[in-house]
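There are two complexes below, and they share chain A, which is joined by chain B in the first and by chain C in the second.
Our next item is the complex of A and B:
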C-alpha cells in the first residue's frame, strides 16, 4: 500500500518536474523583474535547454551538477574537465591553447576569450576544434542505454527452464511481443523479420526510453538533437541498403512494372526516395521532440509572464495536460520510427513475385 | 536549416553511433535472443499443449464411445447367455420329465408283470394245495367209507352196476 502511494507521488512529481527545475533556474537567472527581461530570460532558457551541455546539471539552484570530461582534437588531443569553463563563463586553458564556449560550442580563442562575429555569415570567426566531449547527452545516452540493458538482460535471465517471465518481464515482454507482432512481422513478413528484430527492438526501446527521460527532471533533450536522430536514421539507411535483395534495386533503377520510357525518370525519383526516407525519419523524430519540449517549456514560461492566479492555474492545468500528451508522443514517436524502419526493411527484402 | 547544420555536433553523432551500436550488439546477444527464444519456445509449448489436450479430448470421446459400445455388447451377450441358459434349463427339465415318465411307465409295467407272475404262482400253488387237500379229504373219506365191509360191498355193487360190462 505504502509503496504504491510513494510510486504514485513519484510519478506525479515526474509529471510536474519540468516545471520545478525550470522554476528554480529562471528565478536565479533573472535579475530584472520587468516583463521584457522575463520574456527574454524564458526564451534564452528554452534555447539553452534544447542545446547539449558540457556539464550535467540536475538542479542548478541546489548545486546538484557535475562537470563532464571535455575531449578536443586540435593539433593533438586535449582532455580536461568542463569545470574549467565555469558554465561557459571563463576561458579554459589546455596545453597552451585557450577555449571558450559560445552558443554551446567550443571555440579556440586567445587568453581573453574574444569571439569575433563575421558580419556576413553571422558565425564566429574563431576555429572550432573537433569536439568529442562527453556531453550531457552522451552521458544520458550511456545511462539510459545501460538502464535498457540491465532491464532486458534481467528479464532474459529470469526465464530459465520454466519459461515464465518475472515481474519485470510481465511488463516488458508484452512490449517486445508488440514490437514483433505489430511492427516487425506485418511490415517485413514472417520469412525475413527475424534478422531485423534486434535492431528494431533496440531502436524502439532506445527512442522510447530516451524520450521518456526527456520528461523527467533531468531536463535532458537527446532525441530533440539532430545529431542523434541523424545517427539513428543513418543506421536504418545503411541496414536497408546492405540487406536489400536484387528485386529492391530492380524496383528502383529498372522498374519492370512501368512502361520503358518512364523507367529512367522514375529511377531518378526512386533514388531520391532512398535518401528522403531516412531523412524524413531524422527530421520527424527531431522536430516532434523539440516541439514537445518547446511547447511545454513555453507554457511553463507563461506562468511567469501572467501575473494572476486564474491564468496561472489555467496554464498549470494545460501544462499537466500537455505533459500527459507528451507521454503519449514519447511512445508514438518510438513506434513510428520503429514502424517506418521495419517498413523500409520490408521493402528491401520483398520478393518481386507480385509483379 | 542553416542553424541546424551549424548546430550539428559531430562529437555527439560519433558517441551516439558508438554507444548505440554497442547497445545493439549487447542487447542482441544478452537480451533479445534469449527473450525471443523463450517466447517462441513458450508459444510452441502452449500450442503443443493445446493440441495434445485436444487430442486427449478426442481420445476420451472415442474411449467413451468404445465403452458404450462395449457395454452394449456385453449387455447383449449377457442377455444371450441368460436366454440360452433359460432354454437349456427348460430343455433339461422337460427332458428329465420325459425320462422320469418313461422310467415310471417302465417300472409300472415291470411291477404289473411281476404282480401277474406272483398271482399266477399263487393261484397255481393254491390249486395244487387244493388238489392235495382234496386228495387228503378224499383219502380220509374213502378210508372212512370203506372201513366196513358192508360199505365196501355196496360200493363195489354200485360200481358194478354202473359198469355195464359189454
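Our next item is the complex of A and C:
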C-alpha cells in the first residue's frame, strides 16, 4: 500500500520535472556570465512571460513558433500576420500605415518606427489604434473553449439511455456532481440552482483547465491577465443583477431588518458592495495566478544565479514542490471563483421569510 | 522621513497571514472536535480565507 503511494508520487514527480526545465529554455540562451546581465535577463524573461504576446512561441530554440493574425481598426480595418513585426523588432507596414510594437502594445509610427515618450505621462505620444488582434491569450481561450466543448458534449452523448458513465465520463462525472452538490446547491438552494448550473460549471471548468494549461510547457498565462478575469467577473456581475429578485434589491436599498435611521447609510455601503464583490473576484484570480507564475519562474531564475550544485539542487526541489502546490492552487482558485459566484447568485434569488 | 508604501503593504501582509492562520487553526480544532462536520467547516474556512486574501492583494497593489 505504502509502496504504491510512493511509486505514484515518484511518477508524478517525473511527470512534472520536464515541465519546469522546459520553462527555462530562454534563460539558457543567456550566455553572458556577468551576474547583473543574468539578473536583467531573468527579469525580462519573467515580464515577457506574464504579458500577452502577438506570437505563440512554445519553444523558441526549436523554432516552435507561430505568428498570429493582427487585426487593427485605424481608419479602416488592417489585417496582417504578426510575422511582419519579427518579434517586435521591426516596423510592420499595412496599406500605407506603419506600426511598431512598444511594450507589448501596437502604436502607429512612421517608416523608421520612432516612438517618442511624453515626459509627463511616461507613455508614447503615438496613436494607439483599436486592437482586436488574435493574441496568444485569445488563441488559448479559443483552444481551451473548444476543448471543453468537445469534451463535455462527447461525454454527455456517451450516456445514451443509461445512467452509467463510461470512459471519460467516469472522471468528469464526480467533478460535475461535486460542483452541483458542494458548490451550487448549498449556496443557491435546492429550488433555484438549476438555472445557474450551466454558468457555474462552465466557469469552474474553464478556469481550472486554463490554470492547469498555465503549468504546462505551452507557457500561457491567461487567468493571470486582468482583462480575462475582468470579463469573467463582469459576466458574474451581470447575471447576478439581471436574475435578482425583488427581495435582493429591497435588502440593498431599504433593508427591512435594521432600524429606520440606519437604512440610508447601509444602502450606500450595500450599493458599494454590489461592485466590490465582482471586483474582488477579478483581483483574486488575477493576483493568485500572477503570483504563482512569478514565484515559480523566479525560483527557476535562481538556478541560473547560483553557481554551485548544492544550491541548484535545492532550488530545483523547491521548484518542483511549488509546481505541485500550484496544481492545488489551480483547482482551488477555480473552486473559489465558482463558489463565490454561486454565493452571489444565492443572495440574488434568496426569498426572505423573516417577515 | 517618508515611510515607503511597501512597509505598509508588509504590515498588511503580516495581518493577513495572522488572520488566515487563525482561520486555519480554528478550522482544524473544529474538525478535530466534530469530524463529521469537516466538509462544512472546510467550505466556510476557504470562503473566509479567500475574503481576507483579497485584502492582502489590495494592499500589494496599492503599495
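We take it that the second predicted complex is superposed on the first by the 324 of 355 C-alpha atoms of A that agree within 3 Å, B and C clash if a C-alpha of one lies under 4 Å from a C-alpha of the other, contacts with A are read in each partner's own complex, and residues count from 1 in each chain.
Operating definition for what follows: a contact is a pair of C-beta atoms (placed from the backbone, for glycine too) under 8 Å apart; a residue touches a chain by one contact, two chains touch by 3 or more.
Source: prediction; values computed, not measured.
**Q** After the overlay on chain A, what do you see for chain B versus chain C, clash or fit?
**A** Chain B/chain C on chain A - fit side by side.
**Q** Name the contact category of A:304: first (chain B only), second (chain C only), both, or neither.
**A** neither
**Q** Looking only at chain A, is it chain B or chain C that touches more of its residues?
**A** Per-residue touch count on chain A favours B.
**Q** Please indicate which partner A:85 is in contact with in the superposed arrangement: first for chain B, second for chain C, both, or neither.
**A** In the superposition, A:85 touches no partner, neither chain B nor chain C.
**Q** Between chain B and chain C, whom does A:149 touch in the aligned arrangement: first, second, both, or neither?
**A** A:149 sits against chain B, while chain C stays out of touch.
**Q** Look at A:107 in the shared chain and tell me whether it touches chain B only, chain C only, both, or neither; answer first, second, both or neither.
**A** It touches nothing on chain B or chain C.
**Q** Angle chain B-chain A-chain C between C-alpha centres, in steps of 10 degrees?
**A** Once the two structures are overlaid, it is 80 degrees.
**Q** Go through the superposed model and pick first if A:225 touches only chain B, second if only chain C, both, or neither.
**A** The answer is first: A:225 touches chain B but not chain C.
**Q** For A:237 in the superposed arrangement: first (chain B), second (chain C), both or neither?
**A** It touches nothing on chain B or chain C.
**Q** Looking at the overlay, does A:56 come into contact with chain B only (first), chain C only (second), both, or neither?
**A** In the superposition, A:56 touches no partner, neither chain B nor chain C.
**Q** Could you say whether A:345 touches chain B, chain C, both of them, or neither, answering first, second, both or neither?
**A** neither
**Q** What is the minimum C-alpha distance, in Å, between chain B and chain C after the two complexes are superposed on chain A?
**A** 6
**Q** Where on chain A do the contacts with chain B and the contacts with chain C coincide?
**A** On chain A, the chain B and chain C contacts do not overlap at all.
**Q** Report the residues of chain A in contact with chain B in the complex, numbered from low to high.
**A** Listed in rising order, the residues of chain A that touch chain B are 51-52, 71, 104-105, 123, 130-135, 137-138, 141-142, 145, 148-149, 152-153, 155-157, 159, 163, 165, 169, 173, 176-177, 180, 197-199, 201-202, 206, 225-228, 230-232, 234-235.
**Q** Which chain C residues qualify as touching chain A in the complex?
**A** Spelled out, the residues of chain C in touch with chain A are 39, 43, 46-47, 50-51, 53-54, 57-58, 60-61.
**Q** In their complex, what parts of chain B are in touch with chain A?
**A** Of all residues in chain B, those touching chain A are 4, 6-17, 19-24, 26-28, 30-36, 38-39, 41-42, 45.
**Q** Using the touch rule from the top, collect the residues of chain A that touch chain C in their complex.
**A** 182, 186, 280, 283-284, 287-288, 332, 335-336, 339-340, 343
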